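By letter and in written order, the chains are A, B and C; residue numbering begins at 1 in each of them.
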C-alpha cells in the first residue's frame, strides 16, 4: 500500500461514522451509574439482561448507560453534565452526595409523580428511603445500600487462633489482633485513604468531621476526640505498621485483601462481588463484623446507599419514571440483588437474601455456591442486616458541599500518612478550609 | 478569520466580562459584582500558590528541556549513517497520547518497583515516592516534561545548527579553539534567535500544563503541583465557580503575556550584547 | 573514535527513550490484575495477547465508539484546518486591507494561550448553541489554528508574485489564484499542517474532557483516562494494553508523515 493510499484510507475510515450513524427512532433514557471499565462478568450481564427486559416491555424506549469511574468524581461529573445541559435522565444517586443535587434543584421530586399499580413507597426500608428525602420531597427510590463493615479472612484468623468478637471489638482488641495477624508478607489490615472507609474511626471515638448541624469543621475535625482518632489511624500505619503504607500499596498495585496479603479490610457489601474472583481468599472464608469502637460498646457505622432518580432537566420524565419503578421493583431487584453487590433497599428482597443460594462468577461463567459458601453467605447476610440499626446516613445526604469536605479531609490524611505532617496541624488547616467551604454564599 | 474571532478573540473579552459577575452556574443565579472577583483573587492564597507552582515548573522544565534538546541536537545534527533513525526515535514521544505517556510515567516514578527506583536501588539508594513526596514531585514532573517534549525542540535546534555556516566553525578550529570554545563562542551565538524561540514557546507551554497533573498528582502532594492550568480547571469544573475561574484565567493570561514580553526584552539585549564580538 | 562515542551516546539515549515503552508493552502481556512484575520476570512466560482483545471487546466501555469518534473528529478537523487556515493565510499573504499587519500580530499573539484561557467562554458559547456533548462541540472550535495560518502564510509568501500577476492578466480572480496556483505550489506545507492537526487533535485531552459528558461522545484519549481511573493503581496489564492501543495510530501517522513533522517544527523558528 502506498503512503498516499494509506492516508486516503485513514481519512475514509475517519469520515465513515459521520455518515453511517444510524438513527434509532426510539426515545432514549440515559442512565448514569458509577463504575468504569470492567471486564465482562455475570454482574454486568445481569444488568444488561434486565435493561433489555425493560426495553422489551416498553417498546418505544431505548436505554443508554453512562458509567463514571470513581465514587467521588461521580457527583462532580454529574453536576458538570447538568451545566452542560446533558444530564442523563435517570442517574443513580449516591446518598452521600444527594444534598448537592437536591439543594440546587437538579432532581425531580418523585413523590409528585403518579406511581404505577406495582409500586409502593412502603416497600423500602424507611431509613434508607429517608436518605434520599428532604422535607416532603423524595429525590430517589432506593436501590440498595450497605453499612461499612470490617471484613476478615477466616483462614488467617484460624491460623493465628483469633476468635472474631460477638459484637464489635474495642480499639485495643482490634490492634492486638491486627498485630498478631501481621507477619512476613502479610498485613493485619488493608485500608486506603478513602474517607468513607475511615470516618467510622472518628465517630466511634466521639469525634466527627463536622459539627452536629453540619455547618462547620473547626472544633470538630480538629477537636480533641477527632485528633485522638486521627492519631490512632495514623499510628496503625506509621507506628504499629499493621497496614501497608499508601506508597507500599501503590508500589505493588494489588488489592491486598483479595490476594490474601491482608487479613482485614474496611469496606462495604460491594466488596463481595470483586472477591468472587479473588485468588487469595475463598468465599466461605470471608467473615463480616461491625467496625470497632473505642470501648467496644455502641459501635456506629456509616451507611451508603444508591437510589434511582430523575433529572429535573429531563424533558419527558415519563419514561424515566417507568424505569425507576421497574428497576426498584421486586422482580428486577431479586435478580439484581443476587449479584451480591449490596443489601437490597426493598424489605422483602433484603430479608430473603440470606436464604437464597448465591451464584458466583467463575472466569467468564457462573456457578452455584457450594454448601459451605452458602452457609457463610447466610451468616454474612444476617450480620449485615444486624448491623443496619447502628447505621448513620453519610453527611453528604444533608450537607451540600460535603463532596468538597471529603476531598479536604482526605488531603489532610494524605499529609499525615505520606508527608509526616503532625495530625494536629493537618487537621487544623483542614478544619479551617472546611469552614470556608461551608460558609453560606 | 471569523472562526478566529469567535474562538480566540471573543473568549478573551468574554472572560473579562464573566469575571465581573458572580455566576452560580449550578443554581443558575447571576449578579454583577464589578471587580469583587479580582479583589477576592488577590487574597486567594491557593490561586497564588498555583501561580507560583507554574512558575516553578517552568523554571525547572524549560532549562532542562532546552539543555537536553540542544545536547541531543548537537549529536543528531552530525551527518552520520542512520542518524535519521535516531531523530525519529527521539521525536516519537512528542506525538504520543499525553494520557498514555502519563500512565507510563506513573510507573517510572513508582516507589520501590518503578523504573527510576529500581535503577537507583542498584546503587543502594533508598526508594523515593517521587509523585507523593513534596520535594520531588515538581522536579519529577519537570523532568518528564523535558524528556517528552524533546522532539520539536530538537528539530528546531537541528535546523538552526545546520544553518550555521561550516566555514565559521572551521575558521575557529584553525584558530585553535577547542570543541567547547567553538560551541560557546561560535555556535551558541549563531543560534541565539532559535534559543529565544525555543525559550518562549517552551515557557508558554510550561505555564499551561494540565494533563500530567490531572492524571498523575491531582495537584498534590501538599498542593505542590497544583499548577495554574489545573487550578482553573478545578475551580471551574469541580467547584463550579465559573466567574472566579474566569478571573483566574485573565490573571493567568496577563502573567503569561508579561513573562513572554520580559523574555523578549531581556534576550534581545543579551543577543545584542553577544554578537558584535 | 569520536564517531563511536557519538553512537554510544545516541544508543544510551535511545535505550532510555525506548525503555518505558518497551516496559509498557511487556507489562501489557502479563496476566490481568497481576502485580507489577520484577525486572527478572518482566518478560511474561506466557504472553497474554488476549489482553488486547479484552480491552477492545471485553469491557463495557464503548471502545470502538471512542475510536470512531477520534477518527471522525480528527478527519474533519484536518480538512477544516486546511481550508480555514489556507484561506486565512491567503488573505494575510496576498490581500491588502487596513490593519492587516496588526491583525496578523494579534493572531500570532493568540498562539500564546491555549485552552487554559479560552475554556470557560468557549464552553459557555457552546452551551448557548446547545452544541455541548455533540460532534459540533468537538469539531468546530478546532477548525482554525493560529499556527496553521502562520505556517501557510510563510509558505504562500514563497510563491512568486509574478505567477499571480500573470494569472490576473488572464482574468483569474482571487479564488482561482488560491485554488490553482498557490495551494498546488504549497502542497508540502499543507501536508505539514494536516499532520500536525491530526496529531494535535488525536492527542487533545483537555477540550474533549470538558466539551463532552456522555461516554458515547468521548474520544479515545478521554476514554483512556476513564479506563485508567476505573482501575486506579491496579490492573497494570490491562491499563498498559489500553495505552498501547491508543498510541499506535498516532505513531503510525507520525511514521508515515515524519518529514512533514520535521518541516513544521522547523518552520516555526524561521520567523
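The rule is simple: a residue touches a chain if its C-beta (ideal position, glycine included) is under 8 Å from a C-beta of that chain, and two chains touch if they have at least 3 such contacts.
In this text, all values refer to a predicted model and were calculated from it rather than measured experimentally.
Asks: If every chain is a node and each touching pair gets an edge, what shape is that graph: line, ring, star, complete or other?
Replies: Here the contact pattern is complete, since every chain touches every other one.
Asks: When contacts are scored as defined above, which chain pair ends up with more C-beta pairs, A-C or B-C?
Replies: Result of the comparison of A-C and B-C: B-C.
Asks: If you average the CA atoms of chain A and of chain B, how many Å lie between those two points?
Replies: Once rounded, the distance between the two centres reads 39 Å.
Asks: Averaging only over C-alpha atoms, locate the centres of chain A and chain C and give their separation in whole Å.
Replies: Distance between chain centres: 38 Å.
Asks: Quick one: chain B and chain C, Cα centre-to-centre, how many Å?
Replies: Each chain reduced to its C-alpha mean, chain B and chain C end up 18 Å apart.
Asks: For chain B, what residues touch not just one other chain but two or more?
Replies: Residues 110, 113, 237 of chain B each touch two or more of the other chains.
Asks: Two-or-more-chain contact residues of chain C, please, as numbers and ranges.
Replies: If we look for residues of chain C contacting two or more partner chains, we find 36, 210, 236, 253.
Asks: Give the residues of chain A that touch two or more other chains, as numbers and ranges in rising order.
Replies: 80, 83, 250-253 - these are the residues of chain A that touch more than one other chain.
Asks: Touching residues of chain C toward chain B in the complex: what are they?
Replies: 3, 6-7, 9-10, 13-14, 17-21, 23-24, 27, 36, 38-39, 84, 88, 91, 106-107, 110, 112-122, 124-125, 140-141, 143-144, 146, 149, 199, 202-203, 205-206, 210, 220-222, 224-225, 228, 236, 239-240, 243-244, 246-247, 250-251, 253-255, 258, 261-262, 265-266, 268-271
Asks: Within their complex, state which residues of chain B touch chain A.
Replies: 24-27, 110-114, 127, 129, 132-134, 220-222, 237-240
Asks: Can you check the complex and tell me which residues of chain A touch chain C?
Replies: Per the stated touch rule, the residues are 3, 6-7, 10-11, 13-18, 30, 35-40, 44, 64-67, 69-70, 73, 77, 80-81, 83-86, 88, 249-255.
Asks: For chain A, which residues are in contact with chain B within the complex?
Replies: Spelled out, the residues of chain A in touch with chain B are 76, 79-80, 82-83, 104-106, 246-248, 250-253, 404, 411, 414-415, 418-419, 421, 441.
Asks: So in the complex, the part of chain B that touches chain C is made up of which residues?
Replies: Residues of chain B touching chain C: 1, 3-4, 6-12, 14-15, 18, 72, 75-76, 78, 80, 86-93, 95-100, 103-105, 107-108, 110, 113, 115, 118, 147, 151-152, 155-156, 158-160, 193-194, 197-198, 201, 204, 207-208, 210-211, 214-215, 228-229, 232-233, 236-237, 242, 245-246, 249-250, 252-253, 256-257, 260.
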